[in-house]
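The first chain written gets the first letter, and so on, giving A, B, C and D; residue counts start at 1 in each chain.
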Amino acid sequence: MHAPHATSAAGTQDGHEEFDLDGDSLREECGVFGILGEQDDAAALTALGLHALQHRGQEAAGIVTFDGEQFRSERHMGLVGDHYTDAATLERLPGKAAIGHVRYSTTGETALRNVQPLFAELSAGGIAVAHNGNFTNALKLRKEIIKDGAICQSTSDSEVVVHLIARSQKQRSSDRFIDAISQMEGGYALIALTRTKLIGARDPNGIRPLVLGDLNGSPILASETCALDIIGAKFVRDIKNGEVIICERQANGEITIESSMPFGEKPERMCLFEYVYFARPDSIVSGRSVYNVRKNMGINLAREAQVDADVVVPIPDGGTPAAIGYAQESGIPFELGIIRNHYVGRTFIEPSQQIRAFGVKLKHSANRGQLDGKRVILVDDSVVRGTTSLKIVQMVRDAGAKEVHLCVSSPKITHSDYYGIDTPDPSKLIANQYVDHDAMCEFIGCDSLHFLSVDGLYEAVGGVKRDPKNPQFTDHYFTGEYPTRLVDLEAEKGNIKQRSMLREAG
Amino acid sequence: MHAPHATSAAGTQDGHEEFDLDGDSLREECGVFGILGEQDDAAALTALGLHALQHRGQEAAGIVTFDGEQFRSERHMGLVGDHYTDAATLERLPGKAAIGHVRYSTTGETALRNVQPLFAELSAGGIAVAHNGNFTNALKLRKEIIKDGAICQSTSDSEVVVHLIARSQKQRSSDRFIDAISQMEGGYALIALTRTKLIGARDPNGIRPLVLGDLNGSPILASETCALDIIGAKFVRDIKNGEVIICERQANGEITIESSMPFGEKPERMCLFEYVYFARPDSIVSGRSVYNVRKNMGINLAREAQVDADVVVPIPDGGTPAAIGYAQESGIPFELGIIRNHYVGRTFIEPSQQIRAFGVKLKHSANRGQLDGKRVILVDDSVVRGTTSLKIVQMVRDAGAKEVHLCVSSPKITHSDYYGIDTPDPSKLIANQYVDHDAMCEFIGCDSLHFLSVDGLYEAVGGVKRDPKNPQFTDHYFTGEYPTRLVDLEAEKGNIKQRSMLREAG
Amino acid sequence: MHAPHATSAAGTQDGHEEFDLDGDSLREECGVFGILGEQDDAAALTALGLHALQHRGQEAAGIVTFDGEQFRSERHMGLVGDHYTDAATLERLPGKAAIGHVRYSTTGETALRNVQPLFAELSAGGIAVAHNGNFTNALKLRKEIIKDGAICQSTSDSEVVVHLIARSQKQRSSDRFIDAISQMEGGYALIALTRTKLIGARDPNGIRPLVLGDLNGSPILASETCALDIIGAKFVRDIKNGEVIICERQANGEITIESSMPFGEKPERMCLFEYVYFARPDSIVSGRSVYNVRKNMGINLAREAQVDADVVVPIPDGGTPAAIGYAQESGIPFELGIIRNHYVGRTFIEPSQQIRAFGVKLKHSANRGQLDGKRVILVDDSVVRGTTSLKIVQMVRDAGAKEVHLCVSSPKITHSDYYGIDTPDPSKLIANQYVDHDAMCEFIGCDSLHFLSVDGLYEAVGGVKRDPKNPQFTDHYFTGEYPTRLVDLEAEKGNIKQRSMLREAG
Amino acid sequence: MHAPHATSAAGTQDGHEEFDLDGDSLREECGVFGILGEQDDAAALTALGLHALQHRGQEAAGIVTFDGEQFRSERHMGLVGDHYTDAATLERLPGKAAIGHVRYSTTGETALRNVQPLFAELSAGGIAVAHNGNFTNALKLRKEIIKDGAICQSTSDSEVVVHLIARSQKQRSSDRFIDAISQMEGGYALIALTRTKLIGARDPNGIRPLVLGDLNGSPILASETCALDIIGAKFVRDIKNGEVIICERQANGEITIESSMPFGEKPERMCLFEYVYFARPDSIVSGRSVYNVRKNMGINLAREAQVDADVVVPIPDGGTPAAIGYAQESGIPFELGIIRNHYVGRTFIEPSQQIRAFGVKLKHSANRGQLDGKRVILVDDSVVRGTTSLKIVQMVRDAGAKEVHLCVSSPKITHSDYYGIDTPDPSKLIANQYVDHDAMCEFIGCDSLHFLSVDGLYEAVGGVKRDPKNPQFTDHYFTGEYPTRLVDLEAEKGNIKQRSMLREAG
């Protein structure tokens, strides 16, 4: 359920057999960062912010700056550190204002032309847009505007927003922005850069996070607070669900910040998976320390599971905070029984000799001294298809564990996401493959198997149980209750693979 | 005046001093090739056709195919042979129909997103477009459509055509195509590919060339006949000036060819520089062998110049056919007194020791045995800024030549082109810098200097003198008489550098 | 003190300012792996073994195989996963027998020709050699053989071994091997591959580790047991200090293993830094679980330091096991107060705005929720120059810590290593810069500073205090007592920078 | 028989079918250049010299400089212009003295470690060596020194020279050099660089060329005079066959030049193929203009062949000078009936439609206007396997030629070369496949076929017929008479494929 850094691209391209276990994970689509600064270093600050948000997307990264006269753009496949650590690259990105984006693709093909930020030249000046999340009616809108003569270059749903901005009859670019997002549905955090403005918006439910920071008077928008910390910026507040915030450099140089709620106000329903898996443990999401929330999950899990054992072992790194909580609550010692290999990133070729738990061993190794002869509680953050869990349990048993109990600090996943999380086809989810708990336990090969309850999760995050009438969080992957309409899905009868008529190789 | 292959990109990027002489040349924008074939090898045939057209553009090459279901695209900076010789690349381009493009950029920045063919998804299906030439009102139209909500991704004027197609209210894609080009002015050869059609068009004056070929019943459109020869296709006829030709695969598999003249008929005015410099000597342009026409230029030049000398030496490769003509007419022996280095391509660093005629020597070397003690007639195809001529004359003198007479097989260049030829600022042209012929001769350092007269050129190409009332060819670079309006130029008061608000590296 | 993955090469090459903190760490030279197998997958197994040993060297990796007829070699700069995950690369390495090597360079320049394994063709057949460690008389021997006509291609001290093998008058390659190492002094683990043999050797003191494993009857030699675990091989035993082991495939296919002690027997003196820092926590080194040993260090440190605090926070990943031990012994809760960023690898450009603790923040971030208002015990494995510690303490204070106590699970480092560990110039070591403990504490900015005592370390590793007359381990970096002569150092009067007369770029 | 630039590497590596005709050519092994200069620009001058010698080897290029303290080396696969045009590369090569090398490999694998110059550190200082040619007893010597403990890194025969230098008991490096080459047999031009000396040597027969030049007092050694011309250096004289020349920078800065003839004096026997094919037409080889010699071949060929025709057409570029001579002698007009494509370099994928003369058409195209309805004399410099000739004749016929007469300006090739020219297996040579002249003519498909006689060639080069007792030139490829012993060939019974026990990929 970890190491989103590892990609199996090499494997598939060469056509040889693959031992990738990464299909057994969820992926977040994107992270965004923007600054309306005072010094000519907006790109360098954005590169650092994106580096801190790298866990939200490792496929590609892009930065657009405005240098007072022109917008400049660099977009590259790969990690932030692969490209934006180069002085020459940053020199091609002068300017006091910038927005940036890291992505892992959910919709749209893997190709450079899909890398954000996207840009449009308007008569009134240019606008660059970056977003995290997904629109549930993008396909419908795309068809409409193509019919009306628009030319769509990318296959990304983000492009639709840019077209709607370009086509808006409003005069001010911020009004065009609001005009455009008023037509979109889904879960998103959007940021935009015009000649004078840094604009941010969160969807009406607040499914995806977005925070406002401040660096010596310069406003910053970022997906998570960890992007503020790396540059020493102060956290100001969360952008509210349904809020549009417009930071503008006035003619006199002063920076004003204006907020509006064009969709009205309603309670926020933050995505629970931000707490369970996506957000970095040192981030503060909607006022809650992610690390503490995860420890709470471990504490609640210990109370629910009540397993007797010798040692609590996290599956690193995702399971570590919950394991610490579990150990503290249960009094069973916390030990690093599994060591993570930090040099993972590619899929190795399996030798002709069969290796048990191959694949998992590229990333994790058993620390025999803490497993041999012991009753082991393994703590993981989530289980998707279960294939990784199976191999880790096998590896732990091979290292001599007497008993292996798998404790998962989130509920069973049963439904797909349509708001920016890449989930496997529901039929591939272990919770759907094995409705019977014992069968699932047997498949994984553990002595016992425990998932945190939905209420246990709600309490860990928000302090109270789920309110079935007005759930406090977005939780459809566990419950099937979606917070919005799913327009495209219904129109396409479930087949939402958007496909351009033009395919382009990377 | 040669070796368009040589680029000085490395030089400028690294910022160190440059010894490039390539500014002293003209550059053609593009070459196009398209086929509506019967076998699944359209991309391989297009790659060969583009290879034969490589002299028309070495900066980038692109191919779009249609495989019966989807359009596929590959676009790469560099030579055709750098990318499209790779089996994997061609495998990503399945299909019986394809269009391709080689380019050297005149308008628009050097960037991959400007590489053609361009593509648009229409409600009725996709359309890919490639063109050679330039539109003289593209900027005006671009502003209008952006005002109307269009998003321009590239800075290429070709994109405007695609937008006009997308915005046309017509139903059939071929009608949309005619609708779009009806709004464009300039000099161009355009080809387009839809799901069933290969479309071609030449501007009303026929400034840029386009020919129809046939390969076992499959229609082909190409900039020059040499692209037909390489694949063994037959030459059918030239596309007429102002003609739109639509090759269509009917439902029964039959291929129909339909021609229309939406702008009416008028006499063709082919660009003279195609004969002087751009077209390959083995091509037949508007019914005339380019090699023979160039020999004629040399013959007429010999008659006009009447120089007494020991040897006729071409400046290779551009000056070779004219030198053969000159030698045959004058009876003075033709000898390779200058040898061309075929491994040129980069700008070398000049050593601290000063080297006379450095730069030129990277591409040409003096063959002392044919120069020492001799009276030499150097034959070149054209002189732009004169800086290369100066160095070649110097090099020939250094090799011992007693006299050096420079004979140029085209008239003096005095005006800029706006139809797809990259000309330096008029103030940089030697003919404008030295109005006095003797001063020009002195600058170049030759004993005498001769340019072919405009009438001598007309006779070499068309057999008769120039008709001042209705010039038979496009010749403004020599005469200042442009065949069309220059809308953008006038609107922008001479500043036609189109600049997007967004700059993108690479 | 961690993240050996991070390199600052980009920074120095481009010449711009650097914020690298990696100079503040120690580096191990190499890891080795070899197998005399039964199936044609020796290279794939070796790639996996090297991947598990990647922490011992990230600069380059090489594999040599013998396919029954020829030796094959692949050597590449970069990580194992960057090259040896490619099927084509492995296909170029057929054979049942292989040795491999990962390196970080201590002596010799950074260049491909220094990448091991090295190879020599002997009349009797070829021999490939890979080593971990350093020879203290290599320079002297190198001069002698050059005088005698040898041509040294690399600047690596390993090449001397190969030359000595080639020059030996012995007949059998294994005798030549022993002949060669008999002339070498220092600390090393060497493996070699001939047409029929896999040979291993450890220096007489056993400074560098080497273990024997078994995979279904095929002998394996590896630097650490974690390389056996990844391929499911069994650990057989440690190679003894001063032992030469020869695994040979006999004519009948049987594999024999022969051991000799050519230098006599004496007690082993394993390098203490293998326990403190280099070895992977899941490895068993000389019969001791590295993880458990590190926990013991933390336990002893807690007993020695006796700090009163609210939370024990490891500096990940190096300090984590000791922090767990410290927390268990002291009863103070263990929390992840510092989060490690897994995407580090390059040196980012610092923005013009000054960022406190820039550099450290690229790799580590403060988890404010566990630091704010707390008395924090930071646990690190070692302190070299102290510059990283200083910044981490600053970052922790900035996150609101009330007190910061730095507890280091090893003694102060005062002397250079000459056995394969890259140590800064002694004058740069913080222990030499600040002899006064309080001054050092003030420099780092912590409230109190504690190093594990030498005896505390000895007890953590071996269960008993240091025997000053016959120290049980190699510990000169803490004590100044070197286990061997330092021939080259003395001859060169301290200047042991070996420099070839030929410098070669990359 | 041309375009040595074209390589088919891509084709073979990918394993798909190839249409390469390059096997139908001879290849020269190398070109060398060296300078003992006065300014810190030896590398830039050497890069230019190597660029002028690029036709002698396109596979790789290397430069070694001495900066007064250290030797520096850069060696790269590819053209000189691919690497040595980069300022950063030249900055890594400081120094007033340099030697360089371009190569096409005959013996030894294609791998970077075989790229010259080679380097050895001697006690007395380093020595770098580059050579053009081949040693006929290298294998025997290699075995002897390996037996004696030498370690051979490359598979190049040049390495043996370096080992012999290193092993020489002489004191002065120049004496060691002479000592080494005294043991070598074959045909070669060797240059070497020590801390103070630039050394050159030609084999006793003078099979390979080497000239001495002068640039403002700095001595230069180069394979051909064209390398002097490009940097404006003066030609001083040819190095004599069997001469060793030592240019030395004395302590007072003065440069002395010393010559010796260690093998005694005898008449030179320059390789005829230098005149026929290898040398650049603007070079002066042994006092003869290569261009003029080739014209002479064409003149003599016209006298011998006596073909009646309408047009003389060279197969460019190799056949052009002879065609000019042929046309002048015969009075038949010279015309460019075949146009060379300058953008060749890769092997394109052939479409599924069969293309007549595919392969040839990638490099050459028929200029129909000069071929249609005509009786054509095609002039080529040589015919090796005949497969290219066949396709060119076919292409010319397809373009409408009424008659095609192939006139070759050199005799039939019947024997292999062992002095640095890569010849196909003798059984593949067309002259051996078709002993009957008419059958050969029929195979090629021409109306008549003419080879220049051996005496005709001798007269064209040296003015007199061949002296059968003491042939004035090296001519074994035409006559079977080798100028030296062939030690390795005899020892290996004809199998001279040298193969290292270690294979390494590039």
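FYI, a residue touches a chain if its C-beta (ideal position, glycine included) is under 8 Å from a C-beta of that chain, and two chains touch if they have at least 3 such contacts.
These numbers come from a predicted model, not from an experiment.
The set of chains touching subunit B and also touching subunit C is given as A, D. Farthest from subunit D in terms of Cα centroid separation is A. Separation between the centroids of subunit B and subunit D, computed from CA atoms only, is 36 Å. As a whole-number value, the distance joining the C-alpha centres of subunit A and subunit D reads 61 Å. With each centre defined as the average position of its C-alpha atoms, the distance from subunit C to subunit D rounds to 49 Å. None of the residues of subunit B touches two or more other chains. Remark: the chains found to touch one another pair up as A-B, A-C, B-D, C-D. Of all residues in subunit A, only 64, 70-75, 89, 92, 113, 119-123, 125-126, 128, 143, 146-147, 149-153, 162-163, 166-168, 499-505 touch subunit B in the complex they form. By the touch rule above, subunit B contacts subunit D in their complex via residues 5, 10, 14, 16, 39-41, 44-45, 47-48, 51-52, 54-55, 58, 79-82, 84-88, 90, 215-216, 226, 229-232, 280-282, 284, 289, 291-292, 317, 320-321, 324, 328, 333-336, 339, 341-353, 355-356, 361-362, 365-370, 398.
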